[in-house]
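One chain, chain A, appears in both complexes that follow, with chain B as partner in the first and chain C in the second.
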Partner chain A sequence: MAECIEQSRVACALGGIYTALAIDGVLPVTHTGPGCLAQAADILGRVNGGQAPVPFEESVIPCTDFCNTDVVFGGGEHLRTVIEKTIEYYDAKLIIAVDGCTAEIVGDDIEEVAESFEGSRIPVISAKLPGFVGNNLFGHSQILKSIVNQYLEPTGEVNPLQVNVFGIVPFYDTFWQGTLEKLEELLKAIGLEPNIIYGHGHGIENVKKIPSAGFNLVLSPWIDLDIAKLLEQKFKTPYLQFDNVPIGPTETTKFIRKLVEYAGLDQVRAESYIKKSEDRYYYYISRHQAFVYACKYIPKDFYFIGSASAAVSVTRFMVNDVGSVPLRIYITDNVPKDRQEDVRKSLYDVELEEKDYEVIFTEDGGLAAADLRKEHEDRSVVFGSNWDLLTARSIGSAFVPVCAPYGQTLIGSKNYFGYEGGVALFSDYYGEIATNPQVAFIG
Partner chain B sequence: MSYYIAVATSDGEIIDTHFGHATSFLILEVDDFGNYEEIEDREVRPACGGGECHACAGSLMNEIAESLKDVDFVLCARSGPHAEEALRRYGIALLDVMMPISRAVPKIHKFRQRYRRNVVL
Partner chain C sequence: MAVNLNLQTSESRETRLGSITGYHGSLKEMATQGCQGCLKNCKRDFSTGCSCSHSHCLDQLAGLEGAVIIDHSPVGCSAGLIGYNRSLNNKFYESKNADQNCNLKIFSTNIREQDTVFGASEKLRNTIQFAYDRHHPKHMYVVASCVSAIIGEDAYSIAEEMSEELGVPIGYASSEGINSKIWASGFDAYCHSVSKALLKEPKEKKDQVTYVGFYPKGRDHIEWMFERFGFKMLFLTGGSNLDDFARASESKAVFGQCGAQSSYLCGALEQRFGVKYFQSHLPYGGIGVERFLREFGAYFGKEDIAEEIIKEEKETYAFRLAKVKKKLAGKKVFIALGASFAYEYTRMCKELGMEVIHTVAYHYDPHLDNETPDKVAAATDVYELDQDVATSVNDGQNMETMITLKHNKPDIVISRAHKASAWAVRNGITALEVRIGLPMVGYRGLVEFGELVIKTLANTNFERKFGARFKVPFTEAYLNSEPFSFMKEAQNG
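Let's look at the complex of A and B:
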């Protein structure tokens, strides 16, 4: 980890509870200080497209209000009381008891507390989320590991067409909800039975179905690979990794063909879907061509500051479909050292002859901003989080938000997934260039 | 070096009295090995004088804090933020806990040994 972080783009490990909150009916009980939740709520919720979990909003999450007395006398009993009352008053399907830094330092045994509720009306499991170990991606992984290890049971049957979707971190990936809906549609269209656990219309029933999948799909350069491996070891479910959430025709077509080959699906059906979708994509792009050429300015390069997953998705689309060139890519979500090479490989795996751009791993967003101010191309484009808006303005660049914290706006069901996502990202990208007075052609 | 703990108790066995209701605090002296003895029953004017509210941010809280300034920890069944604030000015930690004194003191001693360098909570 960096020594100090300016402009953090991640939350502490407690941000992992947003993964639990994204699953309908799952309620975390936090064994933390009274203010711990607030810092994750900003970066992953409110300032990230105005999101809040449904049905359990942050303000109703039970908390033990960990204080001095718990530090000296231990807070285990305190947690037990809060869980008892939670079971009495809340209509949840699964409770996850989580602890934060202080409880981990004094050594409260939350596993023992959770286990003591065996056979209760609502099942209780536990996950340790100490912020001094990692960020919200570590927390996300801890929550999923707890669910797999403590909650899932073999279903005894395997449905070869069922595919569990992993790799998209709810809330942290600002577009998660829209993306998952579109992804579900696409997977159904090519003949698979997607099993998505997060968001609207899904929930604990989908979680229970995880062990009966034919395979697990991991849509990221490194996130959730540990979960896929754990599921492989526990339920013998194989996994397929595609290193990004595809945006635009090149990547989405590649994604579909890879899936069809892996799962042995109907090729004719898939190819006809690809043909139809690509035609539609190019129809929409053609409609904008006259405007783009009349505007006369198309920046040839871009900078990226943000999460590894968004970096791969955006870079692939911008290079392969738009024909732009990255200049520098800053990855700010503390990718583990042993995974950095994979992310780097994914970022250089584009259709470009001279790949002379740099990929920099730093958690310090301030460093990336200072770096950009020192050396940059004029009238380029910056892809990033809301933190980078002012940086982009100060160097006379256009700015397109693509990752957390997205900004104080409403994200709605917006997403950049697939063919349609390509059209959406292109129109946001060129709309910004055409309307940004620092970049647009004037005169 | 020994240190002192003040306990709000009605029977000398269990920590069962609210901070504001306590008419006296049992003062315990704890040595380096965690052995303790009762050395004094220190009388105070109760901050919440018999259940009626006396605007507890006022002088009575400070008077109690002043009279307990030689102790490191005060244990009581329940307390409020004004009491905590008044005691914190004298570097005293106020802890709400309902349990026998004989169970509470070893826990405090263990905590103090672990975090000796920074015992101010």
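Let's look at the complex of A and C:
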């Protein structure tokens, strides 16, 4: 398989700073070229639902604007000066000095620079983010590891009901903010005390509380398992993995029951919540049946092209609740070799008798387009990113964006989480089919 | 300042033109120093990120019909190119480009850690071969990156070798972000590459004028004027096809959207094929179009036609212009735009009777790539119109722009693309993202712009309420700092 990449659906490791930027009060200082962040900003922000970090939007993120003189003379002192000024000018709670490819090759010691700020008004830690080592998921892990290893301190207490939430990568998961809000509501509804570090209303105080959790919840097929293990090792916090962000009634109900069992929660309360939520889901779905079954072609299969996390969520919902069959699944975000088997297992763990679809791991997003140009099912559906829109159109397929780069539209608080998220995806799915004349028209 | 097409790639703007990204003072001083060759650049002890030349070389090359681009870089250096994909804006370009419904074709060689030690030449060769096999392109371009440059890759030679092997032209553009603080240097790398690869000797000279810019949008503002002179227009913009590039040398005249994006290609056309490059008077607004048409008319001995067009254009918009001027008189404007349009809008705002209290330019070119000693447009305004304005130059340094804004308190911020507007609105100040290029031509462009300013100022409830809720994430030390305190002593080069 080719090592080169066409149609990249990931940013480089520097994209990991979006994880820092999602935590209110955390400010990265980038020791990189002037345009490195702009590349990540387009694929994780602007063309990914029109998102930008709050309050530190990309255009005010301190950067050394690494240049030729830094290559020749080293950029360490340059970085030190920029951090000094950052401490003077920014109302941040934690600074993370990060570097990129050029500073790594030149050998600037950002760890030494960060450590030299010990005792300063704002704590300074560091994370190495060279793009030639990994993509934004590697960067995400680097940022979280830096926070855990260089910033977190034991709290000396454990709250058995407190659950830290991991596995959702801010910004890269286009729906992260809306998902976390709805997830927080659900966890509270079944009796837990969620501690979410990212997004609105959360922040550095939630980060400090991480060590006092009763357990860590990891909502993904492989992302953040390294962080959960690190926290287990450091603070003896156990973790529970659920291999996807649940969409729709089957998966959400399974998720709730798993939590109830694991954390010993009130079963009656949980079952009553499930009943109410499932009833509501099917009420909404029922409202649309007359529209769905009205002289329309209804595709019964789909292609998926994108992140491993979105692949598992979408595949479970489409197979278990909507009644469709995967044709081929392309995972484009460089899942480490030793994790691929787990992801594969998750993707075949569905309510289906014949599972003869292929799962392909490739960083080359262009592979899917090339394959589909050669052969494809007619009138199918492509789930993917904005790179797949024109491909889907060219093969007469419907298209539903579900992962980065999502497209140049405003994501607002939209998400596909839980029961209500199932209604939203069901509606977007049939809405797209109905308005796509290449697919819906049966004459 | 001639371009040198014998080089492997273009030189940076700093080296070639003496362009700068750090200055504060007055336009008059800056332009005079620029013309006298003694303009100095200020460096900063605090900076934020913005944009790099690499990406602007890629985004221009990728739009070419039938092209495949090889980014010789780690994953990520071209990740943002989705922002230029035709899935987002294929209606935008009024395109003749046959690929208009296809994704851009960009490959990253995916340089990894071990490649930084052992080299990535094989990887580049393999990627070129792989990309060729997948798409069978008409032409390819290899673009070098910071990493490939630092590890000493000879991508130029590999591109040449592979071109011979595959029998397909493979252009080369070296556009490393670390080489220039000015992202427009990336436009130059693109222009250099296509000037070598796509321009052809003219079969004949025609009464044709070439326009170099982002889009042909707004052509109806100016096409009729050239028709009066008996000239047809040819567009080298996003959406153009290869035939357009092949025919560009047949033109007798060329002009560009602005000095930043267009100068190098216009300069190359002038130098290689004697196409007259008009760049001292850009045709924007009323004053702009009058001077442009007179210069154009005089060059081709058609002064009378120029006067005819000016008279007609002026009369058509006189009533609306008077109305606009009445409403906008004395409104305070703060401008933050690219090197050319910063000062084009300064002149246009003044033409509408507004008061320009400060202009930020994202860089400044004391010279452009024309063969003649003609001044750049901003300097021409200083010498011909006695134009002046308090000004500063920063490469999208929004922390500097924001504090300058705070000290100036305008009624409206006029900006585009680099987030100054978003920060203005957060601070409760009305902002307008403005058009550049052909939609700004003439009295029509001027009047339409003025009317938009009036509409924008008619209801400022959103920015007033939103601004009041804005929690400033900066310290008192920053908020009370003097504008330009980041700048250190000016240096040569």
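To be clear about the criterion, the second predicted complex is superposed on the first by the 438 of 443 C-alpha atoms of A that agree within 3 Å, B and C clash if a C-alpha of one lies under 4 Å from a C-alpha of the other, contacts with A are read in each partner's own complex, and residues count from 1 in each chain.
Keep in mind that, in the parts below, a contact is a pair of C-beta atoms (placed from the backbone, for glycine too) under 8 Å apart; a residue touches a chain by one contact, two chains touch by 3 or more.
This is a predicted model, so every value here is computed, not measured.
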Practice item. Check whether A:118 is in contact with chain B, with chain C, with both or with neither, and answer first, second, both or neither. Key: neither
Practice item. Mind working out whether A:375 is in touch with chain B, chain C, both or neither, as first, second, both or neither? Key: neither
Practice item. Of the two partners chain B and chain C, indicate the one touching more residues belonging to chain A. Key: C
Review point. Of the partners chain B and chain C, which touch A:356 in the superposed model: first, second, both, neither?
Key: neither
Check your understanding: Taking the superposition as given, does A:3 touch the first partner, chain B, the second, chain C, both, or neither?
Key -> second
Review point. Which holds for A:73: it touches chain B only (first), chain C only (second), both, or neither?
Key: first
**Study point:** Intersection of chain A interface sets (partners chain B, chain C)
**Key:** 68, 71
Study note, to complete from the structure: Within the complex, chain C is touched by chain A residues 2-8, 10-15, 30, 32-43, 46-47, 52, 55-68, 70-71, 81-82, 85-86, 88-92, 101-102, 105-106, 130-133, 135-136, 363, 366, 369-370, 385-387, 389-391, 393-394, 405, 407-408
Check your understanding: Given the complex with chain B, which residues does chain A contribute to the contact?
Key -> 68-69, 71-74
Study note, to complete from the structure: Interface with chain A, chain C side, in the complex: residues 45-55, 73-83, 85-88, 101-103, 105-113, 115-116, 123, 126-127, 130-131, 134, 146-147, 150-151, 177-179, 181, 183, 395-396, 398-399, 402, 418-419, 422-423, 471-475, 477-478, 481, 486
Check your understanding: In their shared complex, at which residues does chain B touch chain A?
Key -> 93-97, 99, 104, 107-108, 111, 121
